[in-house]
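Can you read through this structure? Questions will come right after.
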Amino acid sequence: MEITHNAINLKGIIPPTVTPLLSSGELDKKATERLTKHLLDGGVHGFFILGTTGEISSLKPSIKKELISLTCRIVDRAVPIIVGITHTALDSSLKFAKVAKDNGADYVVAAPPFFFPLDQQDITAYYTRLADLSPLPLFLYNFPAMTKCSIEPDTVAELSKHNNIVGIKDSSGNGVYFQKLLSVKRSNPEFSVFVGPEELLVQSVYSGADGAVAGGANIFPSLYVKLYEAAMAGDQETINRIQPIIMEISQKIYGNSSKSSSYLCGIKESLYFLGICESNICLPLVTVDAETKERIRNNLEKIIFKIKSLG
Amino acid sequence: MEITHNAINLKGIIPPTVTPLLSSGELDKKATERLTKHLLDGGVHGFFILGTTGEISSLKPSIKKELISLTCRIVDRAVPIIVGITHTALDSSLKFAKVAKDNGADYVVAAPPFFFPLDQQDITAYYTRLADLSPLPLFLYNFPAMTKCSIEPDTVAELSKHNNIVGIKDSSGNGVYFQKLLSVKRSNPEFSVFVGPEELLVQSVYSGADGAVAGGANIFPSLYVKLYEAAMAGDQETINRIQPIIMEISQKIYGNSSKSSSYLCGIKESLYFLGICESNICLPLVTVDAETKERIRNNLEKIIFKIKSLG
Amino acid sequence: MEITHNAINLKGIIPPTVTPLLSSGELDKKATERLTKHLLDGGVHGFFILGTTGEISSLKPSIKKELISLTCRIVDRAVPIIVGITHTALDSSLKFAKVAKDNGADYVVAAPPFFFPLDQQDITAYYTRLADLSPLPLFLYNFPAMTKCSIEPDTVAELSKHNNIVGIKDSSGNGVYFQKLLSVKRSNPEFSVFVGPEELLVQSVYSGADGAVAGGANIFPSLYVKLYEAAMAGDQETINRIQPIIMEISQKIYGNSSKSSSYLCGIKESLYFLGICESNICLPLVTVDAETKERIRNNLEKIIFKIKSLG
Amino acid sequence: MEITHNAINLKGIIPPTVTPLLSSGELDKKATERLTKHLLDGGVHGFFILGTTGEISSLKPSIKKELISLTCRIVDRAVPIIVGITHTALDSSLKFAKVAKDNGADYVVAAPPFFFPLDQQDITAYYTRLADLSPLPLFLYNFPAMTKCSIEPDTVAELSKHNNIVGIKDSSGNGVYFQKLLSVKRSNPEFSVFVGPEELLVQSVYSGADGAVAGGANIFPSLYVKLYEAAMAGDQETINRIQPIIMEISQKIYGNSSKSSSYLCGIKESLYFLGICESNICLPLVTVDAETKERIRNNLEKIIFKIKSLG
């Protein structure tokens, strides 16, 4: 009997976790533990490790293995774990899907291979093969700014029929595209649709999305959980109080400079301020300058004050 | 005493070799041997293995190791070998630089990491670290259509001062950019500048480039060697006879369809026709359809006839 | 005493009207009259003539003048009229701003000049001068797919302080960008923010936008008005019944083919089916083929049936 | 009897002239006369007025008319004149083609309409109609950085058969594309192919192009004429002495800053230094800052010194 998978246990705020690093470039295990507990304490509904925010593409295999193992052990099935396996070589993705499975993770997620420009036929063939061979149910990951290609809605509709493909995370920020994904979901309600950019959390959930892979939930997990719950409950008053703070995090913490690393440094610098991990990032990204770090900290203090004022 | 490296032994036609694959996806070792000898017989001046044409990003590590080892053994120092180590993770690139060194290769070449959008500061920091740690002299590799970033001429000028960075391969096809690279070379004549697109071989060599990493030299190595020699000698008559054939290969063999795999299938299908290797390619690229393959073969026959008519 | 303008009388559904054309290329005045009345009957809250949907860039000056004059006369101040004055030459934009004023229109709207790539300083300088000289209050128009540039949120914030700039229409489809515009509006509540893509009408209004410049309202004005009212009232049940139809219009009427003219032909062909105007479009756009037109009509019939079933 | 046109009287250096402007924004007629004579004295082989360098898109109709009339009168048939008629509305282009004809100009040139994204069928239909109706022979103008579309080589090949289309100016800077244009020319030798970027003058002429529309020839007309003649004669020694200066003009005069107006300000500031015209430019472009102007002047002095040293 064939089992068709779905991800109906997965809803809400799924932080794309940063990867805490020592200055040597190795995984900071203690910080990983602190971060994981910080997120569990904040009430997040799942983990997405080794995503773009997790610097998956920059990490060597040994760090990826350690991070999968450590996170799975600490979370200890309290909430579902999605493991990023994005890689340009299919075999390398599958190798980490197996590591994820062996450590008790629940799902894997992969963006399309991102070296060659791809057409929709390439994308369909690739995901079909990956899903055929993956030992864990697979999420698609749409992120054209990184991969140069978009997984078109018709392609998603076709792939959503594969019994080992359970959903999609869309980080395009493209509202019309996202509405088309929700059309796919209307035809196939068990197909999960998560939004990447947290600025769109409310409107996405309101429109029928299953949740948000919100980077800011690394810093303030309970804030994003509260916003998600308000969106689900149609509690417009709470939304009106939190959404301006979400935008302030977006504009003042992520939008700190024109550096490529701006978003990532915004999050890691904030976590450093909160005593969770160092702000080290991997090459090829280069960190922002000292003045910018100072500005991030100042803005963070103001944001923390506003969050506390929410009560 | 510090040794400053250069690549002055490297001039002329350096084919970016395809990676012959069995239908199982494993390396076709016999075909690799046939291809390598075909190229040596054709008089090529060096090898560039594991480039874009070699599908580096799609191959699993074991195939990359086998290919490096096998090619180095067969070439047996007859000509220099450049090994592609392009990867998004610096450690993974270095691992293969070591494999290249251990097998007796001469140079490595890396495109910038291609997942995150990068700024020039990122690119400079990345290449500096890579060159600091690489056991073999390093070529830069500019290919914006794949990597989303351009290594700007000022960045190249700065990196060219690093004593372990010996040159650049430019596959942008951007003529103005290439002239700016030649300005860098005028200030630093030992810095090697190779052009990617073979359509630009003549004008690039004529303008001062060191040679071409010509994909078509996989199929017709001696034709490209002859064209290179004509360009070096200013033999306009020979150029006028060969350049139209180069353009016909470009337009009728590579430009066979609108598929992403069009260029690669054009070369591999031609090599299959010549009895050198199967035309299998790796996911995520999907091969062209049967009708297109037929068209490639028909066009190839006409081109072979024209090459024979050159005498 | 200085008067600061705003557009607080402008809320809701503002169709970007098509320009009905005779096969000779001249304005079809009778069809323009039919279309205008069709929209007024449908309850639209304003008109946006000479936008992208109105083919402004392809029309000769005399047609633009006739259209402004005719529309103003028929609407007869029943609802506000915004006139598109987008042009690469500032003087040409101003000339039509004067025509709009002389005919009794209420606002003008201009996208940034779209030939040269522009930086934010250019955009600010251009709009400041245009607003200084415009005889009617000005809307900004963000449409990067057409103009190659984005009016960044910081630029919008600065321009929103100009006393003759009253709002912005955003056709980027970029959800994060739109949320940043709403942040601008939070600081300056009289600044109007309209969304272009009608697929985003509900979520935009729900998030605080003033309305939508919905292309589909050319065809079904009352449907979009009803959806707007439901969004304003938080009537989720009505939204759930209408939004799937909006997406069907988007995917089956606009997304009829890969032609550049797909969206425009979808609307004009539908209006032809409804007996409102011919489906003629201007060069450089070339119309879709007969088979596609047939498909549009078939899809339209199904959509009309669904709209009627709404009751 | 049908006459098939060609542009065989047009070869060599055709400067895309700047449009001298008073600070009021009106045409500076005296400066236009000075510039025109400066170019004639420098031995240019033709004029291309109202191109991108001439700010065609930013000028109001009356200035365009004055410039056509004035230039034609001063040149007085000494060399051919090409008039830019690029506009998004076909009728507006034709209106200026008639003005060009009436004033005795020889050719017109138009880029594709640049507001809507276009496909190749649109481009073909547009140029066919424009050529059918143009009273003067037409050049195509490929400039994807401005127009968002490329006139693909197959499209150029088809259009080159139209008896009123005589050639193409390519400002893409894409070397492979340009080689494909030269393939079109090999099949149709009377079809003229001009290169835009002057950095590519030598290699383009060497490869078979008819000449270059060199912006720098506004400043130093005889330098570019000398380089063209050297390229035609295969005089490598002269090329080796001039090409580095061409690159210095490109990098130090045009590449003066990251402003959108960098190239244009580089030329106009240089002409101001030479006493030919003011450096005023039109909105939407904003001029570079005072420090940059100073840097341009300093670099220009060094370049002038090097040119004088050529003898």
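Per-chain residue numbering starts at 1, and chain names A, B, C and D are given in the order in which the chains are listed.
Assume a residue touches a chain if its C-beta (ideal position, glycine included) is under 8 Å from a C-beta of that chain, and two chains touch if they have at least 3 such contacts.
Remember, predicted model here, so these are calculated numbers, not experimental data.
Chemist: Could you give the fewest steps needed to travel from subunit A to subunit D through chains in contact?
Modeler: 2
Chemist: Determine, using the mean of C-alpha atoms as each chain's centre, which chain is farthest from subunit C.
Modeler: It is B.
Chemist: Which whole number of Å gives the spacing of the CA centres of subunit A and subunit C?
Modeler: 35
Chemist: Between subunit B and subunit C, what distance separates the C-alpha centroids? Give it in angstrom.
Modeler: For subunit B versus subunit C, the centre distance works out to 49 Å.
Chemist: Mind pulling the residue numbers of subunit B that touch at least two other chains?
Modeler: There are none in subunit B.
Chemist: On the basis of the stated criterion, which chains touch which? Give every pair.
Modeler: Final set of chain pairs in contact is A-B, A-C, B-D, C-D.
Chemist: Okay, in this complex, where on subunit D does subunit B touch?
Modeler: By the definition above, subunit D touches subunit B via 153, 173-180, 182-183, 186, 197, 199-200, 202-204, 206-207, 234, 236, 243-244, 247, 250-251.
Chemist: Using the touch definition up top, name the residues of subunit A that touch subunit B in the complex.
Modeler: So the residues of subunit A touching subunit B come out as 52, 57-61, 88-92, 112-119, 121-123, 125-126, 129, 145-146, 148, 258-261, 282-286.
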